[in-house]
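Naming follows writing order (A, B, C, D, E and F), and every chain is counted from residue 1.
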């Protein structure tokens, strides 16, 4: 039964497989015994997600990856903007947890306020939208950038850590927050060291989302399939997007190019 | 100079050209003398937008259509979920107005409260998100569906009008709102009749967004190109989405399949 | 028909005619071809509006000026506190746009956050009330004064510009906002230069309100005349205010002194 | 010393003296021993206040009445829209309490939620603004009208009471609120009977404001005279409003018509 | 009758009697002629209240003290965290005013914003909760600590005053608030001197709550006894808490140890 | 190491041991392999918690029970009012999860809105406070009572289920919420049957809190021990509460009665 061995699929909505690996390792460190963790990288889209354009263009690939995982008990969407989370809920009918929402809500269990340290300044707007959307305005003490592009997180791990430590210490002094939240899946290997050095809990969204997804599965909770999250009605597709759309939501008409699997 | 003859491009993010025609006519009725209005239909994506999945999969086509209009002074995004509006802002650097935001903000100029009548129940969640995002919680008296799928609006205009009138009258009685907002670009030809019959102002988002876009152009206002709305950094693309992404935001690497024009 | 040639009346609620001229010029620069713009100065009240007392005592004159314009399609109230806007709506039954509301809502179409630079520190409270009233708390990054009294804006244009530029640059650095809003009708000639120098859009409320008023007229939208904005019931008047009140809202009793025209 | 015998001036901003009498009696019933209560009726303006126009045109007379009371320790503004309260604060520098604010805040000391029963439907908008302004959105369970014009409250006391009782009982059943607030100074003689019959506390704003004003005086609290509530700078006046404006805020120029006293 | 000579009981929820004396003197200075003021010190619990643990463990003693005062017309709970206020309401059925709520609401009658200066940094969280609970987020300009433990306020009055003056002046400069609120019953003797020196009103919660309690009694207002504030149903008690619980809310079973009186 | 075998202590803050059993079984059903679950019943206080008085008087016993568990990795507080959660955090320094907060936050991961069905009407106010405190106002579609006292839940399980089913179905129809939350630890055995019958996810707080507590432990997250949640400073105690207070927060003075263990 799924409850005793939940299958949780972690999907990386950008197309950089090494980042999926980092996230998967972070998830594995916190997963309960018996949980089956699967990592998936989006098959098509941008290499990293740092703008509204990137965020828009990553979702089709995310949905493709998701559609291929037909026996998942839950999904984790491993990008701090939580792109496509509601579309994945519609498509799958199982619990879906975005890492930003999971990180912020976990943080609120640990103290009155949290601050976020993310990659580039320009991504703060999207994080602000999520804070508002989830009702966390009063709990969020600040949103800050460390000015490291996503793909650089991996290529220069020592520089990244030093920079993140410096910015986090400043944030802590300025915001006097109770918890720090790391705002990128690519930072998933860093919270332990940071927490030890700074003396505050540091939440990584991948770990937080993984335990929340497991928890929802263990509780046997599945979203309602009426109203907003009912299965989407299949639609006719024009042009190249017809190759990307999962078959379940595409209306087949004779002569169509083949839809995405499965 | 653009201020004396603004070029406003109305983009329909779904692929149904007849709906673009309805929206364009509604825009033309309210446009000022001298404004050049252009209608564009998304070249690729779903035929209509009624779910989070549809909304996710319509944006790439929307961005393609937008990227081909290089001398626009402003864009109107003609779908009530305001999909991709922020991505279009990043991409173009000119004023971009979504019809939901424009309709709701216009409504607030006319009275204390407004109610929305949209197509399907399941789209109300997205409208709620926009209400929250724009700070209009106190002004929005209610969000309601008339249970007519988008594509049926055209095929049965009389039935549509009767149904919309009936629902709107009920909404008015129940919410006692000062203004009604129609929640679909496909309803753009109906507000005049409804207003006359109901005795309240009825706002269509296409008309509202068109006049707001013109107004921003006439004021010579262009968004800041630093921070959140700076031009996006081009990214490497994997797979079929590389054919959809506008060339300006794609990092070309040797051997790539050709990017979308221009 | 009014839609093809909207008549928009811009009313200055203080009694300084030169300020009306500045505002009218700003309106004319952005008005669409065919729009008929009329400027009116309040016939009675304070020379400038910089306190709650001023704001209270300017409204009777504003209503007088409005009552004399019986064929207006829309009104613009040209004072950043939006005094009397709701009373003008009741009195006239046509669209009425205050310049503060118009400026702030236009700003929100251009970016995530705006900051206001107004005249005296003491007027910030009223601006704060409007921000709250219109649901823009999250969008308003700051409210600031440049410490120039309203009437000095005209007498020392160069000093004003330099001071405004200096304060605006500081505000931009401190608030990191996406848009600046100028908080006084007397600043209506300055946004272009400021925007060019600062690299952010600078919104003037007179221009914003003018295009919004035109837009509402072109859409044929008129407020509901039931409930809060129904025509006011005429009342018996005692004392000198009986000379100020528009005839339409005064209950005539034999022996009354003559009411204000028309 | 003022603390031992506070002089509290209750100003009725409409020109109907009989309503001042009702309010004054309500104030006298709750005033502490030693408090000197004075009732003042506005010398000029509308007979009753039931619209935004009325509210705008009552304030000049209110300020006149206030300006003549130079040795007041505190003012109560006896109209449920709290018109001109901030202007009176600027003008006088002593505590000023509006009856709506006082009633609502007193209600929140007695239970989690309150509902308001006011006169005409059209006045609810203004009450809503006050609820928002004072941060009481979550505490206000509803705003309701009993559809009795202000001046009828006196002429048909029995009919008024019956109607108010009926509406209040419905409100109580519908909103399940902990406290009722009466939304008109003209209802100041009714709360005791209503409370006894309905089994909930019923707050009258005149009584609430009187005790709050006394309390502020006994505590020796006076508003700060810097910033928003600094004494207003005198202004030049044009036209008939020059006869209404209190002398303290009018800039005298040779040849002026005489300003209002003192 | 109680209205002409209200009996107001001021309960100090910690067990330090000298602090009750300070608070009682502050109450006596502002009470109206004829009011009977009684001071009570909690019979059991911590000597001072500076943590969530202290706050939890002070309430049983507070309820004991309250239960012994059977002819009170109103209660003032003299600790800035407003501990147990709702429990006291349930238990007694008369008006109960916490000093934090009273101070903050009084402050809002005097200006747009207030800031709080309290004792230890760690108590700010509880004050923040009260700000949120009472809808005062927009009105509260800041919450600050002077880092003096509660019990030190008495032992070093001069040092306390100097420190409080210094911190208050900084707060005033930083928050530019209109009113200061002192966040501890032990500071009840200081507001007059501070206000004179700083030029802003300084509110002490004990004085504010005393006048508000008197006011509610004079108005004859008593809370509804249905719903949330209905008399609590007596319960069976296990263990030592059975000695603390007021008899009225304890279910007696044979062999019980004697309950608390009366 | 604690992460591989977290020890989670579930504390029932009322003194009814059979309810602890129900809650513990619900926790065991969802706990991950390897988690050590311990159930504790408060040693002193009321038999059930249904009023503000009960809530106040249960916390001392809760703290006693907590203080005796010195090697817990996390605590679950098993009462829907989340009593004493912050005090337990101060006292222990490990993650502490209240079942109301956990249930509500879990619900928000599954859909846009949730409604709560709790025991008695009078407890809704406390639940409302928690909704506000956690920023969930927009997500909470309604708070409802089934009018079954806590202790009756056990004595009449069939009647309880039928009543809960009936009320839940009505709530679902009225609120059209996406998720139901059961508002009492004593209902912990019912969500599965209800969900199956109603077709919506039904969240029990005990299960939700257990998985969240496990998740926090697996992530190695511990609260910051500075500021609001620093270890409380020990205090001198007077009277019988000196027997209840945990030794760690009591200042020992010679001749004291023995403090609570350990």
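Note that a residue touches a chain if its C-beta (ideal position, glycine included) is under 8 Å from a C-beta of that chain, and two chains touch if they have at least 3 such contacts.
What you see is a predicted model, and the numbers here were worked out from it, not measured in a lab.
Colleague: Tell me which chains count as touching both chain B and chain F.
Modeller: For chain B paired with chain F, the chains in contact with each are A, D, in label order.
Colleague: What is the set of chains touching both chain A and chain D?
Modeller: Of all the chains present, those in contact with both chain A and chain D are B, C, E, F.
Colleague: From the C-alpha centre of chain C to that of chain D, how far is it in Å?
Modeller: The mean C-alpha positions of chain C and chain D differ by 28 Å.
Colleague: Please tell me the distance, in whole Å, between the geometric centres of chain D and chain F computed from their C-alpha atoms.
Modeller: From the centre of chain D to the centre of chain F is 46 Å.
Colleague: Return the residues of chain B touching two or more other chains; collapse runs of consecutive numbers into ranges.
Modeller: Touching at least two other chains: 112, 125, 132, 137-138, 227-228.
Colleague: So which chains end up touching which?
Modeller: Inter-chain contacts occur between A-B, A-C, A-E, A-F, B-C, B-D, B-F, C-D, C-E, D-E, D-F, E-F.
Colleague: Which of the residues in chain F end up touching chain D in this complex?
Modeller: For this pair, the touching residues of chain F are 125, 128, 132, 137.
Colleague: Which of the residues in chain D come into contact with chain C in the complex?
Modeller: 15, 42-48, 50-57, 59-61, 63, 84, 86-87, 89-91, 121-122, 124-125, 129, 132-133, 149, 227-228, 230, 232-233, 235-245, 249, 251
Colleague: In the complex of these two chains, what residues of chain E are touching chain D?
Modeller: Chain E residues touching chain D: 3-4, 30-35, 95, 97, 101-102, 105-106, 108-112, 134-139, 176, 178-179, 192, 195, 199-201, 203-204, 207-208, 211-212, 214-216, 218-229.
Colleague: For chain E, which residues are in contact with chain C within the complex?
Modeller: For this pair, the touching residues of chain E are 112, 138.
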